[in-house]
């Protein structure tokens, strides 16, 4: 299992971590350590307070094996033991605790994209903008140099379409909706759940983390513009 | 006394700290250490600057015994020795210093709710929103996933009613008003004092701390929406 | 000299530092260490970036002896050796470097008030509000519990009048203006220079630091209200 | 080479680092260490997230030798080995990795100004204001005491004209435009690229860093004013 993933990692190796050195073999322990560090960092930056946020890493693509945070834990105190290994149907293969209901959203992303890591955050700006643009079903971002921090984007003229799905507590239905939505969007780097937060991903943990940072920056820029007297239509 | 509280803690044990392990016996020294850590953290996050903020933990429910911060201390430099043990009438049982006048608000909450910890903060957003919505006597929050961080809330469709009481310096009268107000609100997780700040609580210190974090997040979201050109009535 | 100051400190001892223990003798070395710590803290909080900000402590009241930061130093890298001892006319008694032109504003305050420490900061909100209210010559703050963090204030109904002086590079004339202005304001805890920043003070370093924190909080509250679509006239 | 630079540094020595001691000889290793520290600091302050930002220091003025960050690295994890030495045409003289396309903008600045260090950041406020004022081709800042933190500015009445260039991915053409623009602006301390960020510089690393801090402060002040209901025309 680990060997297959390593090869796949090497093929995909376009993330930050992969530059200039061979991609590290994604051992569960190492990935749990990386995700724990990210959980504490994101808590400190206000992107996943209280028990909000879930973080996962792909241990194997086919059949799908995912390492994911257990449900209901305070992210400021997460440890490397607070992760589960699950299969593509959400069954627990290893670890204590229970998976979050949102695990199925991670599985939906992992089933549609060649990803190594999926990060879900709840920032103030993602909450505000996902709510304000919910009726349009999307937020489009264009004209910012920072867009080039998203994998494969080469110019600020890129138009990043961020789908917005209505929030729901019936996760399997929502997972289907997202799976269908993502199937038609090959260039998508993330999506928003209305009044809830952001999902983004990357080929490895470092790239996914960078995508959170890039999106949070762009959402803050648009949020301050949008909630600061300047109509967003001026820009787009 | 400690034994009773432990049992009670076990019965109530739905807070973060209680998950996956037996609730720790609430020894005054340990609670003072936890509250001191919180005081410094909240100061660093701008939620209780200068001498503002009071923090308490229930040592015994019946008869009521409360551990509470002494009055007038700078919260950035609080130590574990800056706490008092008081009874349900506010008499000092142990510790140096004098209790804050607001001690009676803590007693009012502890007398009405099954709580292990009560935290009072003064953030910018709680100040702004408590002032703006004072004439309505409440702030209602609905539609945000983050609401699920409040104990017992299962859906973002939950409507959290946060009562707002007019600020006053005659604390006993205010305490009566709050006690009566809370008596009619079984689902309330906190309240605001106009132009002053937030009171929230939990079954233990970890849950109360998480409630502060959840409320501060929600107040920032609503504050940025409300002070950013979008009418709050659109949402509610 | 040190002895006199100690007695005076004991008489005045209503600051945070004086509570629960005898006021420490204000030795220059200790005061320089305290002010250095504050300089780094305030830089980290964005209240005195670059070379902005000056900090002083009274070594002796009569004749006046002031310990004050040298001019033109980056406050993120201030050390305990970057202070001067000056007399009431601004002459250097000890230390290397040259005094800032604004030293005369510190002397104006120290000559009019019973103070042990004077702190001058340049935050975003003090800059914005001092500019917006410059034509009124004052900013009045009322209705906030946090006002009680200012020495001697007992109720949120207190009306704190913060004088605003036009900024100027001819410091002696400005110092006269401030000296005259403060002479008529016994209850003033600080003043603003338009487009420039805040001056506040206290009986000792701890109290002055707390006053900065309280003012910065109140200015942020009013700033967000004022620059967020809500007319300030509603409140006052 | 190092000797020439030291002399030149001594002649120019008006930066913070040069005060009170002889300017340090700009060894590549020391400069890389200083720029690495700045990269991590600026990442932490939100001024250069993800892979954004480039930092350079002049190793020799004539012929031009520049030490500059390699392209595409995450600035939160930059190390002292992530720098290249290049000549005035952008050829690599030492180091691994490839230069960023924006290297030519650094060369354009270094060719026009007597500088020792050039820093490029991407903050929220520089992004927002460079976009809003793009059609005017400049942002003018006047009336703020903090302007005195820019080298050579003696009064808040100074009018700092910050040119704004349209963002472009064809860097050589943009570099020419900037080079021509800077040629006519002897008093300029920095410029903006629309929707992109800030370039500023100084005689040494410390002064350039201070200029970033000063500009970021001023941009936040103007940004909050501009996106907070107050027309910028009131001020200017």
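We just call them A, B, C and D in the order they show up, numbering each chain from 1.
Here is the rule we use: a residue touches a chain if its C-beta (ideal position, glycine included) is under 8 Å from a C-beta of that chain, and two chains touch if they have at least 3 such contacts.
The shown structure was predicted, so the numbers you read here are calculated from the model rather than taken from an experiment.
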item	value
Set of chains whose contacts include both subunit C and subunit B	none
Interface composition of copies subunit A and subunit D: same or different, split at half	different
Centre distance in Å when subunit A and subunit D are each reduced to the mean of their C-alpha atoms	33
Rounded Å distance, subunit A centre to subunit C centre (Cα mean)	46
For subunit B, residues that touch 2 or more chains besides their own	228-229
Subunit A contact footprint on subunit B (complex, rising order)	16, 19-20, 143-146, 148-149, 154-157, 206, 210, 213-214, 216-217, 220-221, 224-225, 228-230, 235
Subunit B-facing residues of subunit A, complex	46, 49-52, 72-74, 77, 96-97, 122, 124, 127-128, 131-132, 167, 169, 193, 195-197, 223, 226-229
